[in-house]
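Once you scroll down, you'll see the structures, which are given as structure tokens.
Each of the two complexes below includes chain A, the first together with chain B, the second together with chain C.
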Partner chain A sequence: MVEPILEFRHVGVTLTGRDGSVNEVSSDVSFSLAPREFVSIVGPSGAGKTTLLRTAAGLRRPTVGEVLFKGEPLSDVQNGISVVFQEYNKSLFPWLSIFKNVAMGARRLSSAERAAHVRAALDAVALSGFESRYPWELSGGMQQRAALARALVSDPQVLMLDEPFASVDALTRGLLEDVVGDLWERSSFASLLVTHDVGEAVYLSDRVLVLSARPSRILADVSIDLPRPRSQGSTRQLKRFVELEAQVLDLVHRAGRTVAGESADA
Partner chain B sequence: MVGGVAIAVGVWEVASITNVISSTALASVNATVAAIGAHAGALSSAAGQTLEAWAVGLMVATVAGVLLGTLVGRSRVADALTETLVRMMRPLPSLALIPIAILIAGLGLKMTAGLVAFTSFWPIFINTRYGVDQVESLLIETATTLGMRRVTLVRKVVLPAAAPLIASGFQVAVSLALSVTVAVELVGGTGGIGSYVLAAQQANAVANMYAGIVVGGIVGWMLNTVFAVLFRQLLPWAHRREGSQ
Partner chain C sequence: MIAGSRRAARLRRVGFWALGWVGLGVALLAWQVAAAVDHSPLIPTFTSTLAALWHMLASSFVPSELVPSMIRLVIGFVVSAVIGVVVGLFTGYYRVVRDWTTAVFDFSRSLPTPLLIPVALVLFGLGGTMVVVVIASAAIWPVLINTSNATAALDPTLVDTARCLGLRGPFLLAKVILPAVSPKIFAGLRVAISVSLAVLVVAEILGGSSGIGYFISSAQQSFQITDSYAGVLVLCLLGWIADSVFLFVERRLLVWQRGIVGGGHG
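The block that comes next holds the complex of A and B.
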């Protein structure tokens, strides 16, 4: 078996509020991500999907258990892990042009290499020609493509996506899914996607992990045996796609129902 | 804006013609304009002195305010340590400190600039502290995942993100610093527009006195305009209309 690029071992996360309130978000989460693999995490609202992704990115340490990146315990943000957040309008730097925003992702390269890498990354997300524009001059979909270019310009081994398409309209969302899917097919990074959209998870992934309600653990690990390359037009019409989507949706609904009475938070 | 100025000049002229305020206390518009023309040399050298003290004081206040504001805004410990001190020092009227300043620095530019620095430090410090503290946490996290730490993080992300608030604190300080400069000059007689106005008043040269006041007003207006335009150019994202995506 291939050595995983990222591994969660019995990870539990407990958040402590400023008022001292303690909230156990995840109790015991274990899974691994192989190199070049595309894995999604879905689950009911409040299952701590985003908290888990932040933990995977090294932005937060697990309360119990450990996260391994390339076999080493992850205790901080790492080279080789890039993150794209849902709120592109709060994650792009408004005082920098699109070119300079993307260049922020390539700070480790020499300035000569940097320009070429930034241009290539912008080209890959079809933003050539917008180098000198500012984020707030672009549409939401274009801003999220810029954020994607910034995440990929450093040629990461893992791309983490935290609800990356939740803030754009449905049409843009489909287009962005294909941008990510195509980039993933053409590159060598593994991807960990957190989403509440089951169809999106099934469409993009090799495996879909279903979280239970809070405190979450992994309820199911569903292999997505759909052919690649995939496309919005054909893949989503496949009988197998519809089956898998229904299966995962059913798991999510059941996970949400188990605690319907006790978990009031969104 | 031009309309507002015209109205003010009109009210001034009416007050002067109708003698609502006696002519020993109010010069006519014409006499004031004539005095500005006649004493252009003395007035511009007074304005130069005022601007010098203003600039030195404001520069010190800006460097200190941004540095300390950033430190306190980034550190809960520094914030807790300085909070009481800030609350005690901030309301101190700077003019009440003139005697201390004279004892420390003597009469002159150092004294004026020191008091200007003390007064204009507060709006810059407070806005920087607030601005730095309010930076969107997602922006910081994004910068962290891009490998930025400590000084780099502050320089490349925290300060630019706080820049609109720092700039508005600075704009408050620009006007405040000018008021304090002129006031200290008036009280301390250390030269500049304040001393010019005082000397004119003592010599019963009412038109000259108003000439000094008008020149002070023009200087203040110019400074405000320059920085408003400058910041609009430098910080375009801070002035865009919300919800334009």
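The block that comes next holds the complex of A and C.
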């Protein structure tokens, strides 16, 4: 078996509020992500998907268990892990042009190399010609593509996506899914996607992990045996796609029902 | 946006601007008429005040009173701005620092500034140093509090994004936090400018050996009422120039912010 690039070993996360309140978000989460693999995490609202992703990105440490990146315990943000957040309007820097925003992802390169890499990354997300614009001059979909370019300009080994398409309209959403899918097919990064959209998870992934309600565990690990390359038009029509989507959706609903009435999570 | 609406907006702006000057003209005319009718030696007319001002500008008033005041104003303001921004960033960003300093700052900033003057007089004696110290210790609060509050209220997504891009420590503060809170800093600085001007005059009246404040009070004490009024006019001009320069700089530095605000409404 291939050495995983990212591995969760019995990870539990407990948030402690300033008032001393204790909130166990995840109890025991284990999974691994192989190089070049595309894995999605879905689960009922409040299952702590975003907290898990922040843990995977090294933004917070697990309370128990450990996260391994390339076999080493992850204790802080890492070179080689890039993250795209849901709220592009809060994650792009509004005081910088699109070019400079993307260049922030390539700070480790020399300035000559940087310009070439930034241009290539913008080209890859079809934003050539918008270098000197400011984020707020672009549409939501374009802003999220810029955020994607910034995440990929450093040529990461893992791309993490936290509900990356939740703030855009349905049509843009489909287009962005294909942008991510195509980039993933053409490059060599592994991807970890957190989403509440089951269809999106099935459409993009090799495997879909279903989380239980809080405190979350991995309830199911569903292999997505759909042919690649995929496209919105054909893949979503496949009988197998519909089956898988229904299967995962059912799992998510069951996970949500187990705590119906006792969870107050938004 | 559209060129037509932009031109209309500019016309409207010019309209407001012109109205402002007409209002000022009416006020000055009222002063002129009231003083001429009253005929009291205690209220000089606007024109005689203007004549005194004209005379003063060619006299030793400029090098021995105006210039020292302006130097004190600038030094006091710059010192308060630099310390206020730096300390505000730290107290805002680090929760622990904020918890430790809140009470101290709340007490210190509620001290009425004139109260500092006798103390500063004892410590620094009559003259410029005392005035600068009093200005800085009064003008620092709006800057510090604004910077600190804005930093504490920053969206976590922005900070997470910056951390994932590998920014940390002083880089994080300088490249992301500082620009992100700069609109609030500017709001604080603008208040600090008018505080600086007010404190400058009070400190010079109470304990200066030169400067505009000193000039106004000694002119008044030697019954040169018109000169005293002319000094007040100089102060008005100084305040207006300082504010205009400030707004000009702000508009240049915060272009991106106007874009966001505009986009939010459109």
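Note that in this section the second predicted complex is superposed on the first by the 266 of 266 C-alpha atoms of A that agree within 3 Å, B and C clash if a C-alpha of one lies under 4 Å from a C-alpha of the other, contacts with A are read in each partner's own complex, and residues count from 1 in each chain.
Keep in mind that, in the parts below, a contact is a pair of C-beta atoms (placed from the backbone, for glycine too) under 8 Å apart; a residue touches a chain by one contact, two chains touch by 3 or more.
Everything numeric here is computed off the predicted structure, so don't read it as measured data.
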Answer with clash or fit: chain B and chain C placed together on chain A by superposition. clash
Touched partner set for A:Ser212, first chain B, second chain C, both or neither: neither
Could you say whether A:Gln157 touches chain B, chain C, both of them, or neither, answering first, second, both or neither? neither
Look at A:Phe93 in the shared chain and tell me whether it touches chain B only, chain C only, both, or neither; answer first, second, both or neither. both
Once chain A of both complexes is superposed, is A:Asn79 in touch with chain B (first), chain C (second), both, or neither? both
Does the superposition put A:Leu59 against chain B (first), chain C (second), both, or neither? both
If you stack the two complexes on chain A, which partner ends up touching A:Ser26: first (chain B), second (chain C), both, or neither? neither
For A:Ser139, using the defined touch cut-off, is the partner it touches chain B, chain C, both, or neither? Pick first, second, both or neither. first
Both chain B and chain C touch chain A; at which residues? 54, 57, 59, 77, 79, 81-83, 85, 87, 90-91, 93-95, 104-105, 107-108, 134, 136, 150
Sites on chain A touched by chain B in the complex: 54, 57-59, 77, 79, 81-83, 85, 87, 89-91, 93-95, 104-105, 107-108, 134, 136, 139-140, 143, 150
Provide the residue numbers of chain C that touch chain A in the complex, in ascending order. 155, 157-158, 160-161, 163-167, 175-176, 179-180, 182, 256-257, 259-260, 263
What residues on chain B touch chain A, complex-wise? 136, 138-139, 141-148, 156-157, 160-161, 163, 235-237, 240, 244-245
Residue set of chain A touching chain C in the complex reads 54, 57, 59, 77, 79, 81-83, 85, 87, 90-91, 93-95, 104-105, 107-108, 134, 136-137, 150
